[in-house]
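One chain, chain A, links the two complexes that follow: it is found with chain B in the first and with chain C in the second.
The block that comes next holds the complex of A and B.
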């Protein structure tokens, strides 16, 4: 394959700026973006919380909260938003909204002075990474059997997240909750490196000479970056919450939204660390475990996850945590070590190799979740029509679809869609493995030898997931 | 319209250099503002760098008066195409990963002075105009002096950290 091309087709540095069109730029510079989306979502989440509260322990498939969050939102997130629009969910996420409004003491517009309300403490240095999010995400998956089936469990989870976000925003600076705690934020951040959209500076020289850096400290047009980034030095999507505040504050209109080649940020050799490596393991591992438990042939595992017995649930927790935090990384380490031995490059550490190659799992992990999402959407999507008309199971029929029967869609085609997703993901992962190998070991045969075992791991992982999907 | 520095006359180069120091004062003050309430030590370091740049600007103003007297000039840093001596925080995620230490803040200033010195030195070899060459050499020498000051501060800090 051609070097510096993704899959030999798209130049790595290809960009198309969508904000070069004045009307598009005007939309993103308006304070109604993203406020309008946030207000819409706030309404949706109010209904979700109400449905969760009133739904109690009733059947999840007839509950607005369960269906919208775990079918619609999750599927749209994994199949559309993350792979194509980076962290666009964060753009319109209502969960930290109250905290941010309290900090700013404003819902609409910009408050002069920009001193945020609250204690504005600095987040602990030892937790200034993804580790806390890794643990919280994994802990959330322990409860999957409850939160995806019992409406009140979804209510409790959402309420806890909102309360945590408010409390943290009153103690710590800006979007500390979103950056370090939100269980959804971590994987969005890592997988956004694959996304086909980015916010970046147009001409870095303009920023180098710019005295006041409004994008960081704020001005009359907007607030300083709530995600604590230096937008003019943004090189990867990991922590950019796509709030578009920098497009509003830049006095030189020097920020842009670009469409780009998929996976561009996976090759940015900055700030890579074990916390992000472990996020990659967790995402791939949790997808595999969810397949095994929820769609696999062993019903006892599903009973364990659903907490039929305490002993069973604890067994599920131990198995799930052990596989994701220890077993899968250990297997990957074995393959990386093999490649490192084949490469015979004494100047390169095994740790560097391990970390760099871990980013090759991102496309395959994303593909696994897309494949998993097909398994949720196609059999269960028809329930959404019912709950739209009768969100609280009170016998309403708002849109005439309350009695729409359960109708699985394209389930015969589903295995092929899942296979196609995985194979496309594998293709991207193999391509990036070699690119990451060249970054680590230099160009030439050394990189190829080092990459071969990692490619073997990825292929083996794909075969295992395929076996889980289609038996 | 912006022009490359090689198209400027000697007095315009020196005048632009004065404004570059003033620009850097503003940039360091802005960095200090970024770190206010976040890290007192780094905020103080950037405030000191801003004050240092003000002194540099005043020294270059004195040099301008000695060389060119009351000769009026309207060229500022905004009129120069090249990026000269701009102090840049390179890490876009510095606040998220909490990765800046005092030594890193000092290195921001050191790199800016090194770039400036290298830039002016390069210009001396590119120009055949003796007056321009003299100005570029003088500026390169001034920046080397600034470099030495910051390196001394770095050494002092690193010794204190070790001891």
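The block that comes next holds the complex of A and C.
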């Protein structure tokens, strides 16, 4: 297989710039982008919050908030946005919006030269990583039995996130909440490395000669990068929230939106760390646990997660946290250690090997979530027609679909779609394992020996997930 | 730029405050000419129909919102007024409308086998005449 090709087909460095078309570039340079999407989403979230508040403790399948957030949004996020459009959800996410508008004291315009409103403190260095997001994401999944079934729980979660974002934006500078706190941000960042879209500099030489750096400090056209990045040095999607401010502020139109090969950023050896590794474990493990709890045949697990008894819920929390935070990483460490021994490469640390190889789980993890999403979408998608017509369960029938019966769609094909997703994910994962092995251990047989046990782990994980999904 | 800022503020207010006010106004407007009553469908061990007895006035249309908060299906039958719902699925809110044309106390039932205590899942609708309703209100 050709080394510099993803799956031997797509060159790693292949790029197609979509912003080279003047009309496309004009859209992204306009300040209505992404503001128009954000306002549209504000409307959606207002309805979601109202539906959650008025829905109370009812079962959630006929509730607009539950359906839109945990069926439509989650499925679209995992099946379309993250794998193809990187962090495009962050582009239009309304949750940190009020905090950001308060900082800017503007909704549409720019205030060049003005200090942001608020205390503008630096985010603590010790928390400038994904650990807090890992913990908060896992903690959120502890409540899955409530937030995906009880409208008022979704309301409380959303309200808490919005309030936290506002408070933090008044204390810390820029998008500290999105970068270091938001439970959804971390996995989007990690999985965005696999995405087929990126924001990048076109010609680094132009940036090297440019002294004013509007993309960092801002100018009349836009704000300096709210995600506190140096856009002219951007090499990975992980922390780029795709706000497109850099496309607006660049005086040379030297920023571009590119379509690229999937997974290109997984091979960028910069800022890799254990925090991101654990995010990869969490995502793979949570996908497996969610299936066990939500779609599996074990009713006792569902009762535990739903909190029928406190002891049951605590058992779920202990099992869930233990598996994702300790057991899965420990198993992976065992396989990495075996590869490390087989490779006999004394100059390379086991930690380096462990971190690098952990990125090979990204395609498989994403595939597991896509497979899981089929299990949500196909049986439950028809509820959406009902809740669009009667969003607050007040007996409305806005579009004449309020009495559309629950109709599972294509459920007979679901196992095949899940198998196909997982096998494609495994293929990508195996390909990246070898590439990461060569990056870590150099070209030649050593990398192959080191990679073999990791490939074994990934294959084993796929078999386990397949067994879970299709029995 | 200033015009765009104003437009953005207006659109934001419409998307948020406008949505809340609009939805509440529309619901209020819909219910103006009706007697709106919400009925929670709970299995007998979880509290049974709530409220167990509904009171409405004769001659004025009733909009009955039956909300099933449980994870089992329920049904609804009010035979004296020929009103029924075959199945109210978990989480579903079913709206039935009827006009009570005579006074009295009328039983309603769950018509889906929801639990071992299903047969005990009954309630009553009390229809009062306009005068009795006024006196009762006083």
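Definition applied: the second predicted complex is superposed on the first by the 470 of 471 C-alpha atoms of A that agree within 3 Å, B and C clash if a C-alpha of one lies under 4 Å from a C-alpha of the other, contacts with A are read in each partner's own complex, and residues count from 1 in each chain.
The criterion applied here is as follows: a residue touches a chain if its C-beta (ideal position, glycine included) is under 8 Å from a C-beta of that chain, and two chains touch if they have at least 3 such contacts.
Computed from a predicted model, the values in this text were never measured in an experiment.
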{"item": "Clash or fit, chain B versus chain C on superposed chain A", "value": "fit"}
{"item": "Chain B versus chain C as contact partner of A:62, first or second or both or neither", "value": "second"}
{"item": "Partner chain in contact with A:228 - chain B first, chain C second, else both or neither", "value": "first"}
{"item": "Chain B versus chain C as contact partner of A:205, first or second or both or neither", "value": "first"}
{"item": "Contacts of A:170 with chain B and chain C, given as first, second, both or neither", "value": "neither"}
{"item": "Which superposed partner A:466 touches (first chain B, second chain C, both, neither)", "value": "neither"}
{"item": "Partner chain(s) touched by A:213 [first = chain B, second = chain C, both, neither]", "value": "first"}
{"item": "Centroid geometry (CA): angle chain B/chain A/chain C, rounded to a multiple of 10 degrees", "value": "140"}
{"item": "Which of chain B and chain C A:129 touches, first, second, both or neither", "value": "first"}
{"item": "Where chain B and chain C come nearest after superposition, their Cα distance in Å", "value": "26"}
{"item": "Touching both chain B and chain C, residues of chain A", "value": "none"}
{"item": "Contact footprint of chain C on chain A as seen in their complex", "value": "31-32, 35, 39-40, 42-43, 46-47, 50, 56-63, 106-109, 390-396, 406"}
{"item": "Contact footprint of chain A on chain B as seen in their complex", "value": "23, 26-27, 30, 33-34, 37-39, 77-78, 83, 86, 88-98"}
{"item": "Residue ranges of chain C touching chain A (in the complex, touch as defined)", "value": "1-2, 4-5, 7-9, 11-12, 14-16, 19-20, 23, 27, 30, 63, 65, 67-71, 89-93, 95"}
{"item": "Complex interface listing, chain A residues touching chain B", "value": "120, 122-123, 125, 128-129, 173, 179, 205, 208-213, 216-217, 227-235, 238-239, 270-271"}
